[in-house]
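Every chain is named by a letter (A, B, C and D) in the order it is written, and numbering of its residues begins at 1.
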Amino acid sequence: MPAPDPALLEQMFHRMSVARAIERLMLVHTRERKFSGWWHPGEGQEAAPIGATAALERDDYLWYQGRGSAWAIGKGMAAGLILGDLLGKMNGATRGKGGGVPHWADYSIGVMGEGATLGSVYPLAGGSALASRIRKDGRVSLADFGDGTSARGTFHETMVHAAAWKLPLIYFCENNGLLVGTRLGEVSPTENIADFAKGYGIPGIIVDGQDAVAVYEATREAAARARRGEGPTLIEAKVVRRHGHYAGDPQKYRADDEFDDYRDPVDVLAARLRGNSAERIAQEAEAEVKAAYEEALAAPEPDASVIERDLYHVQ
Amino acid sequence: MSSEVMGYNAAMGLGLVEEMRRDAEIFVLGQGVATGGWFGAEKGLASEFGLDRVIDCGISEAFEAGLAAGAAIVGMKPVINMGFGDFALIAGDEIYHKLAKWRYMHGLDVPMTAVIIFPIGTMGGAGPEHSSCTEVLGMHFPGLKVVVPSTPEDAKGLMKAALREPNPVLFHSVQGLGWARGEVSTDPEFIVPIGKAATPRQGRDLTIVTYGSMVPRSLEAADTLAGEGIDCEVIDLRSLVPLDWDCVLESVSRTNRAMVVHEAAKTAGPGAEIAAQIQERIFFDLEAPVLRVGGKDFPLPQHSDLEAMSIPSVDAIADTARRLFAI
Amino acid sequence: MSSEVMGYNAAMGLGLVEEMRRDAEIFVLGQGVATGGWFGAEKGLASEFGLDRVIDCGISEAFEAGLAAGAAIVGMKPVINMGFGDFALIAGDEIYHKLAKWRYMHGLDVPMTAVIIFPIGTMGGAGPEHSSCTEVLGMHFPGLKVVVPSTPEDAKGLMKAALREPNPVLFHSVQGLGWARGEVSTDPEFIVPIGKAATPRQGRDLTIVTYGSMVPRSLEAADTLAGEGIDCEVIDLRSLVPLDWDCVLESVSRTNRAMVVHEAAKTAGPGAEIAAQIQERIFFDLEAPVLRVGGKDFPLPQHSDLEAMSIPSVDAIADTARRLFAI
Amino acid sequence: MPAPDPALLEQMFHRMSVARAIERLMLVHTRERKFSGWWHPGEGQEAAPIGATAALERDDYLWYQGRGSAWAIGKGMAAGLILGDLLGKMNGATRGKGGGVPHWADYSIGVMGEGATLGSVYPLAGGSALASRIRKDGRVSLADFGDGTSARGTFHETMVHAAAWKLPLIYFCENNGLLVGTRLGEVSPTENIADFAKGYGIPGIIVDGQDAVAVYEATREAAARARRGEGPTLIEAKVVRRHGHYAGDPQKYRADDEFDDYRDPVDVLAARLRGNSAERIAQEAEAEVKAAYEEALAAPEPDASVIERDLYHVQ
């Protein structure tokens, strides 16, 4: 698999920087404005979504889980839609319904959304993958999930069929070794989610989740395989959850030395850029996020009519 | 318009076939749908439409319902035969959270067609986990349309309507009526609109509000009562969401007496909402309480005699109507 | 008897701890119950009872509920924290088929203790899949007992009763009341019997039948109305299965006016059954229809302001009571 | 593992013969009395349940699926309880509630029952296995299921935890290659259900399901492993479904040559018995079943009060 070209690398870095700037901003926003704990910080894990989405085509389908914002940003959503939504404003992606847990979608760029009952993305991604097989449209569906979510029954039900039917589906696991405060090893027979691939006779790939390029390459390969009609792949990115489970989580359950050899995915990707573009891009991203934040702060709040919107479609 | 006599399941199948012919985005999936189909509806589907559009699935109900949501969001029109209404409880997250709310929670109002077939009710000893009526779930959890046809023609017409509907539909087919026969329109544009009740019998003395398996029984009870001088109006709701309140309230405000009949367990069943709402909205038109006749609040025994005693009989309906009339 | 002021979740936890001390067959399982517990109830459980009896589980709700059935059938007394009431729809087969019917369908009447904790209702922006009220499911599907405490003391007393009950109990803890404080009996034999309602306020003009999060709101509305000369009786059902009909009917037959208030979505919610049954049983005692105030028939928005507008406010309760009084 | 001793072999053969006699009788009963199609014939598959139950202790927990009667018979239930139940009589195991799908239980001998939503036995067996771990009672739990039922999410959810926690649990699959009329290969990535064991890092054993002794040995081994605290095993018995999915199924979907090298499990086990005891035992079993059938025919029918029995326990 070819490495990403310089322009793509810059785009990845730009998007990662936007996601990181949102993270930093949300930390402050949570602290200063007593924002609710329904925001789940994604700092430290950005290389996985940024690498994976860079390997997808615009019209490939992405179904993601709710940590951080880098999946939506990586697939091309504007920071303003995200921040507007987090602040619960009318200019956000959900047009006023938001306020913490992400339900950002834009079907025109394949951002299909998030289900807050963990594990709900598997069969939905299975559905879009099946649609692609029926329509022969060459699209790939990606279902992103956390290590803890690998225990859901829908993981199995969907993969049994995806493997049997060779659906163009990628299971993408962000393995941070934690479900809230429980260590994965307490509730899983293996620390490597990729091991589950063996049962389905599909490739199970472990990648360095701090390195967006490694993630990119693995995802590229899996997407190519899917498009060739060879069926699903399970990719496991080993990532680090830098903060608490939710905004405000004191994390007493974590060890003092847990971050001793932590590698920041932003630094890892910056080192791969040409010249000193990293700094410039990061500054641009920060400015962009700051502007979006100001805009969100100023944007109107929803009124009661929003409650009754979007339930049924009227032709 | 011409019509043909056929069975309930066959008519439902015909509705599906006609729509599949005109719309390539429709596909059917379920356990055994390609190899013959359980309830007769899907016979021969695979040979006409191919295995790309008629898909046998493994024993994975949550996957089936969830894939319907995923495929519908990307614009396809899945029809899923869930096998039994009881299995709503196996795929509850996918149906009542995902299918029902995905658009809502993402703030995206797009068309989303999906038909989930839930065969409900008793069919002669299928047992406690294959005979439940689960349609009330679709009333309580918002975001879905809910239909329960009682005749072959409605089975066909509602299936066709569901496949032209831009919202997910829970299509409850009545297991006990699977082989019931009746006249069915052969007009390819014939549909039964979702949300419109029918009044298969007009009457002046009291209104029986019912649907599904209890429509023929209520009509039979009404026939008996007619001989006794009690003139019943029978409303077949056909849809529970949306529910045709205009039809119900207009009738009851004329007859001044109402009862609700369904096979579903009585407590907290659809009849609870219907009774509650009738008295809430036209209390002073009522000359008597709104009564309910429903299934027993017990699981369905496997034993078919006991099963028969667990759901409303024609006699039980008639008895309640007599009591209501006498109040 | 002595008492102590404590929070709702803490009181529920204390009930559990007291029972675990006296009965070695009780164990607790759920996501994060050993590492701290979500709702504060299980803090410190693991250190007292050890990891054999306080078990952190993975993200597998169907397994959690199903293992409760299996363990209870062999005589243990599992307490499962399901995290959110919405997850009833993920483990529906295990709860409403297995836990509810296993004894029935095998024709074996044995004691079977299991407590399934379902934290229900809004808590400030938890979103459409973490804020639903699902207690009506336990009313419609037979075989379970269903409780919803509204005070710290009831949370403790009902937990203790549930752990001495030979039938599975769905224990709906109210998310919005998790930190509400109140006097709680410290008597180790204090229990609140399942199936007995309370009447926290007596009144002559109308009866508000409610439970859970709407009890404090109804009491507040009643206080306001008292100033306007409307004297409300407030009934806190505490249990929905069995439901204390004697208490409800006695009250309404005195006040002649009733309304039901709950946070659950209005349509086909618990209030439908309660309203239907009140008018069915004492129609001629009623001077007005039984009214209902319930949550909107929409998913709960993530936005906490919109969420607050989606469930009954004190004002909405008071307004309905005024309307009822004026009929 | 030692082979079963002669007395145990004879007991196994006796129980297999009882189960077979019930099969034969139900075929006739269905045809002659138009019995409903809710009876799912188990003929051809008896070696799996008979071998497996022979390897369990009396107080081990058995959770089975609903094909045939050999699981309950193998674990020690009397033929009369089964036939009484199938005929819907008051002398049956469910005391009047029965009539086709088996819900036979006797907790005193570890017959825990059947759930008619397929896949419901996994978490229930997980629950009894967890109870045994907590109580340290040395019991083993066995969950029996068909190949098609391996696709249920509960299969995965339970095994993830059973493997992580080393629960004394045996997954026992009767692989007849069919789900009603669908071939397993159409909906599964593998024809060998034992392959799924790989994902959980547990042993996945394939045995000849026509040979009760082979099944006995594999189950004995798995039970010993479970009792040693080494965790679950997945056993897959390759079996042959001799008749239709349900009583009356015309089975048009089966190939003409499908039974060409069929080995009847009764013959296979008979050949292992000493002398000519097989014939005698088979005759005794048939007589026993015939007597039970006569008794069932004569037994009283339930009345309406049975509907309201057993829902709640009153202390």
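Simple rule for what comes next: a residue touches a chain if its C-beta (ideal position, glycine included) is under 8 Å from a C-beta of that chain, and two chains touch if they have at least 3 such contacts.
Protein names from UniProt, one per chain: A, D = Acetoin:2,6-dichlorophenolindophenol oxidoreductase subunit alpha; B, C = TPP-dependent acetoin dehydrogenase complex, E1 protein subunit beta.
Bear in mind that the values here come from a model prediction, so they are computed numbers and not experimental data.
Taking each chain's centre as the mean of its C-alpha atoms, the one that lies farthest from the centre of subunit A is D. With centres defined as mean CA coordinates, subunit C is found 36 Å away from subunit A.
Here the spacing of subunit B and subunit C, counted between their Cα centres, is 31 Å. Taking each chain's centre as the average of its CA atoms, subunit A and subunit D sit 45 Å apart. One simple way to say how far apart two chains are is to compare their mean CA positions; for subunit C and subunit D this gives 40 Å. Shared interface positions of subunit B, defined as residues touching 2 or more other chains, are 57-58, 60, 62-63, 86-87, 90, 93, 97, 104-105, 127-129, 142-143, 298-299, 302. Each of residues 94, 96-98, 103, 115-117, 151-154, 157, 160-161, 164, 186-188, 311 in subunit D touches at least two other chains.
A complete topology is adopted by the chain contact network, contact being made between every pair of chains. For subunit D in complex with subunit A, the touching residues are 150-157, 160-161, 163-164, 185-190, 195-202.
Against subunit D, in their complex, subunit B makes its touches with residues 31-32, 34-36, 56-60, 62-63, 86-87, 90, 124-130, 296, 298-299, 301-306, 309-310. Per the touch definition, subunit C reaches subunit D in the complex via residues 27, 52-53, 55, 57-58, 60, 62-76, 78, 93-94, 97-98, 102-112, 142-143, 145, 166-167. Across the complex, subunit C meets subunit B through its residues 86-90, 92-93, 95-97, 100-101, 104-105, 127-129, 132, 136-137, 139-143, 264-265, 267-273, 275-277, 279-281, 283, 286, 288-292, 297-299, 302.
Residues 36, 38, 88, 94, 96-101, 103, 115-119, 148-149, 151-153, 179-182, 186-188, 252-253, 301-302, 304, 306-308, 311 of subunit A are the ones touching subunit C in the complex.
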